[in-house]
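The same chain A turns up in both complexes below, where it pairs with chain B and then with chain C.
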Partner chain A sequence: MFAAMLRAQWRWARLPIALLTVLAFAIPLLSVRLLEASDPRYVMATMQQWAVAYAALAGLVGLFLALAAWSSDHRGRHVYALALPLPRWRFVLNRYAAGAMMTVVPTLALLVSAFLATRNGVVPVGLHTYIGALALRFMLASLVGFSVFFLVASSSARMAAYVLSAMVAIVVADILLNSAGLDYSLTSHIMDVVFAKPGLLAAFTGRWMLLDV
Partner chain B sequence: MSDEAIARLERMVRPALTGATVLLLSLPTALHGQASVYRARLDSLRPRLAAARHAADSVRALRAVLPTDSVSTPHLTLLVNPQVQELVRRAAQQADSDLTRAFGARTAVLRNTRFAVGIDTSARERYYGSPVLTMWSVDTAQHVTRESSEYGTLQAVSTRLRNHGAHDITASLDQPLRDWAKRDIPWSTADIGNPDNMRSQLVGAGTDVGMQCTAGSVTACEKGLALAPTRDRITEWYSAAQRRELVMRRGWAWRRGSQAATFDACVDRADDARCLELLRAHESEMSDEGIPSILRMSLLRFALDRGGPGAFDRLATDTGDIGSRLAAAAGMPQPALVSAWRDAVLKPEHATEASDPVVLGSSLLWCAGCLALALWRSRWS
Partner chain C sequence: MSNAIETSGLRYRAGKSFEIRDVSLHVPEGAVYGFLGPNGAGKTTTMRLLLGLLRQDAGDITLLGHPMPQGYVEALAKVGYVPERPHLYPTFTIGESIAYHAAFFATWDEAHARDLAARFELPGDRKVAALSKGETGKLMMLLALAQRPRLLALDEPTDGLDPVVRRDVLEALLDYVSSSGATVFISSHLVHELERICDWIGVMDRGRLIAELPMEEFRAGIKRLRVVPGARGSDAWKSAPFAVLARHEGDARGEQWLVRGWKPEMAAAVEAQGVSVREVMDLDLEEGFVELLRSFRAPAGEPSNGAR
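And now, the complex of A and B:
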């Protein structure tokens, strides 16, 4: 059952995943090939500029895999799933496992590309390569992105409305607090909690550096 | 009474009655004139009354925020606002203990300084309900030497007190040491900055001495840290390629008038002699640090930590050059000290943030949480 589901999900997701895999392969190579000087300061600054691309790509991988996992079921109003001799939890677990497994594809592309990009001795004195750590972080962030979007995509329209309403309520509360003259930002506190260690999206923040001190 | 008598009386009273009538008739006008005078006077007094009220309010507010009680620790004496007395007492105890550990007997100089902590009522911002405090350092001549604002939390106040203390202790040191340090001597290694930043500063120094130091040359480290003399920084600190890059970075600011041809020769043809010529012409605009001076603090703190108890006193009382003073503080020869410091700064364990176990573990837990929520739903959407 899992193999069949994996094949089906791969069919639905292969085009966007292929494109994202190409990007995952291109980013490390480009970040190193486009270096114009070997001054460590310049190299680190350039690597920092590319860091956003890695995090954004990981988020996109998660998003597309989650959408691919559920879009067909939503379109068919879950008739296919209901026709299967499976309890819902096993069906969802298979869908999740298949999607999570596919995060390996762009991660492998990134790993190989990072290795190729740094093998010709481009690393200035004092800097080190972090190929494995970068790939691990990329996979982790992809997995987190996939899990969050998977949860949202698997929910009903009502749940999505609740989530959206909560977000709007937070923004409105912030505006009201601000207009009441109180220097308290609910949004910034929530952002701190979400992005700081050990927050939900902490894997997306920090130094995504292929070459670092 | 006869008619004649009545008529006589009437003649006598009439002028009086007429006068009274005229007076009564003219009274409102007269009174109105007086009233406008009094009103004008009253109006002129109103701003004074408001000012007096405002002053009284200010005095009441000042009484509420100004420090009036005192807190004492072995080396620190503070005048504090009663509302934050307990907080400041605990912060002062922490700060005193840390400063004594960091600066040893030299901490005694803080007895010459009085600190004051008041509440800043003008600050709109609050930190999770804590008030914003104003902190002052006052010297023996009753001059305020430092003033700063701080959130009213234990950590913030104790850190600020430690920083004020480190500033005053640094100010008590001799001029050559202060000139070399360029900033307040940190009370702990953590106060200088995170290890990653120290590594970045050394690796990215942008000078040849910085690169050589990173690669393992202790002599280069000593030159870059101003522990060994440099006769010509342009040739000793920078390679030919770095000199060209320095000129390039200045761009059009240096490509002016008669220097245009020299600039072009340096940048376009990589003519080092021309680069040297330009750099010598602008030597005063160049950095006087072969390695960023923040790393001097890192070395100093490393030497003090290595030296253990009494290290700071040895540093402060030694009369040799800076290198020998650091060596005396650390209790080891200067080259060995610099080499050990370099190894500590470049230790690669600091840069493995990408596989931080906290991020790794928490992210996997969040994934499991999302999956559990997705599984938990009881019906199809």
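And now, the complex of A and C:
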């Protein structure tokens, strides 16, 4: 049963995942190939710029896997899933597990690419490679992103509307606070809470460095 | 005889304007039960409640001995369900759809699935999205039948299909039922179709079950009478020993009554009230169904569609 669900989800997700896997393979290679100097400080600054690409890619992997997990069922108003003879929590768990397993594909691409990019002695003296740590962080962030989007995608349209409304309300509140001359940003505060440790999305921040001290 | 489906006092409110009210169904095991009703009567909602796809506000449901919705896992393993709208994944091929569906049913019969695919001329490599309405209907029926279910819950399974496909689908259904003794709960507004295959009928209208009886009884009880009321018989219909669903005033040859609960021995009782019964005509299911709905919708105590 799980194999059937995994095959189904792979079929729905394979195109975006293939594209994202190519990107995951390309980023470490490009980040090292495009280095124009071997000064450690320059190398670290460049690596830091590439960190955004890793985090964004992990978020996209999570997003597309979550969408692929539920979009076909949404289209059929979940009638098929509800009519199957297995506990609904188990169906959801299988869907989640199948999606989570697929984060391995771009992670492996990133791991191999990072290894290839750093194997020919391009690492300046004083810096080290963090291939495993980077790949692990990428996988963790993909899983966190997938979990969040999975939760949103599996809920009803009404719930999605609530989430969207809450986001709009925060932006409006910020505009009002700003126009009232108050030096307080609700968005910044929420971002700090969510992205700073131990926030829900803390995996997306921090040091996404292939080469570091 | 035990019941494959049994409900009592079933209630469900869907939105502000529609409600399933006090539905008490009894579908005998092994029966082919036709669930009739006009569009919007509540047939699909009732079927979804029976299968545990929706949760009732009140009332009890027992499906193949399992209380619903609590026992949905055990019950659905024995039910072949064809929903009103195809629910298959459009990106799958026919072969993938069959393989996916088979993975969830321990009773799946691979040989039967292959036979049906050949009989319905369904090529395994065709995409579901590219199938015609008829092919989709056949695939849905294949999936339901190859599960070897004890109960088939079919929601308008032949709606929109051409006569050839409809015949193929119904033949496959009847073959399975005759060999397995499975119960069939089939909803449709194609009354002629049900007349051929059903041995029980239930009629829904406006969220209520307005009739439930064996087909034979329904056929035998609903008649069109050509009568000639005498001078003292103009109001005789009010005290007739059967229900007069409708009166149509006619010409000198008399008027026509559509009646329910007719038995031949009642003729004498009517004659005694000054009404001469000239002819007793059988109605087909569709006429009976329409008149039943009309009488249900008419003001209480009055026959529909005629002089009162």
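In this text, the second predicted complex is superposed on the first by the 213 of 213 C-alpha atoms of A that agree within 3 Å, B and C clash if a C-alpha of one lies under 4 Å from a C-alpha of the other, contacts with A are read in each partner's own complex, and residues count from 1 in each chain.
Just so we're on the same page, contacts are C-beta pairs under 8 Å (C-beta built on N, C-alpha and C of every residue); 3 or more make two chains touch, one makes a residue touch a chain.
As the structure is a prediction and not an experimental result, all values here were calculated from the model.
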{"item": "Partners on chain A (chain B, chain C) - clash or fit", "value": "fit"}
{"item": "First, second, both or neither for A:Tyr96, with chain B first and chain C second", "value": "first"}
{"item": "First (chain B), second (chain C), both or neither touched by A:Ser185", "value": "neither"}
{"item": "Touching partner for A:Ala4 - first (chain B), second (chain C), both, neither", "value": "second"}
{"item": "First (chain B), second (chain C), both or neither touched by A:Ala203", "value": "first"}
{"item": "First, second, both or neither for A:Leu84, with chain B first and chain C second", "value": "second"}
{"item": "Geometry of the superposed three-chain model: angle at chain A (Cα centres of chain B and chain C, steps of 10 degrees)", "value": "140"}
{"item": "Chain B versus chain C as contact partner of A:Asp212, first or second or both or neither", "value": "first"}
{"item": "First (chain B), second (chain C), both or neither touched by A:Trp12", "value": "second"}
{"item": "Chain touching more of chain A, residue-wise (chain B, chain C)", "value": "B"}
{"item": "Smallest distance from any CA atom of chain C to any CA atom of chain B, in Å, after fitting", "value": "8"}
{"item": "Overlapping contact positions on chain A, where the chain C interface meets the chain B interface", "value": "82"}
{"item": "Interfacial residue positions of chain A with respect to chain C in the complex", "value": "1, 3-5, 7-8, 11-12, 72, 75-77, 79-80, 82-87"}
{"item": "In the complex with chain A, residue positions of chain C that touch it", "value": "51-53, 72-77, 79, 81, 83, 85, 87-92, 96, 99-100, 103-105"}
{"item": "Residues on chain A engaged by chain B in the complex (per definition of touch)", "value": "37, 39-41, 44, 74, 78, 81-82, 88-89, 92-93, 96, 124-128, 130, 132-134, 136-137, 140-141, 143-144, 147-148, 150-151, 154-157, 181, 183, 197-200, 202-203, 206-209, 212-213"}
{"item": "Touching residues on chain B, where the partner in the complex is chain A", "value": "124-126, 196, 199-200, 202-204, 206, 211, 214-215, 242, 245, 346, 348, 350-356, 358-367, 370-371, 373-375, 377-381"}
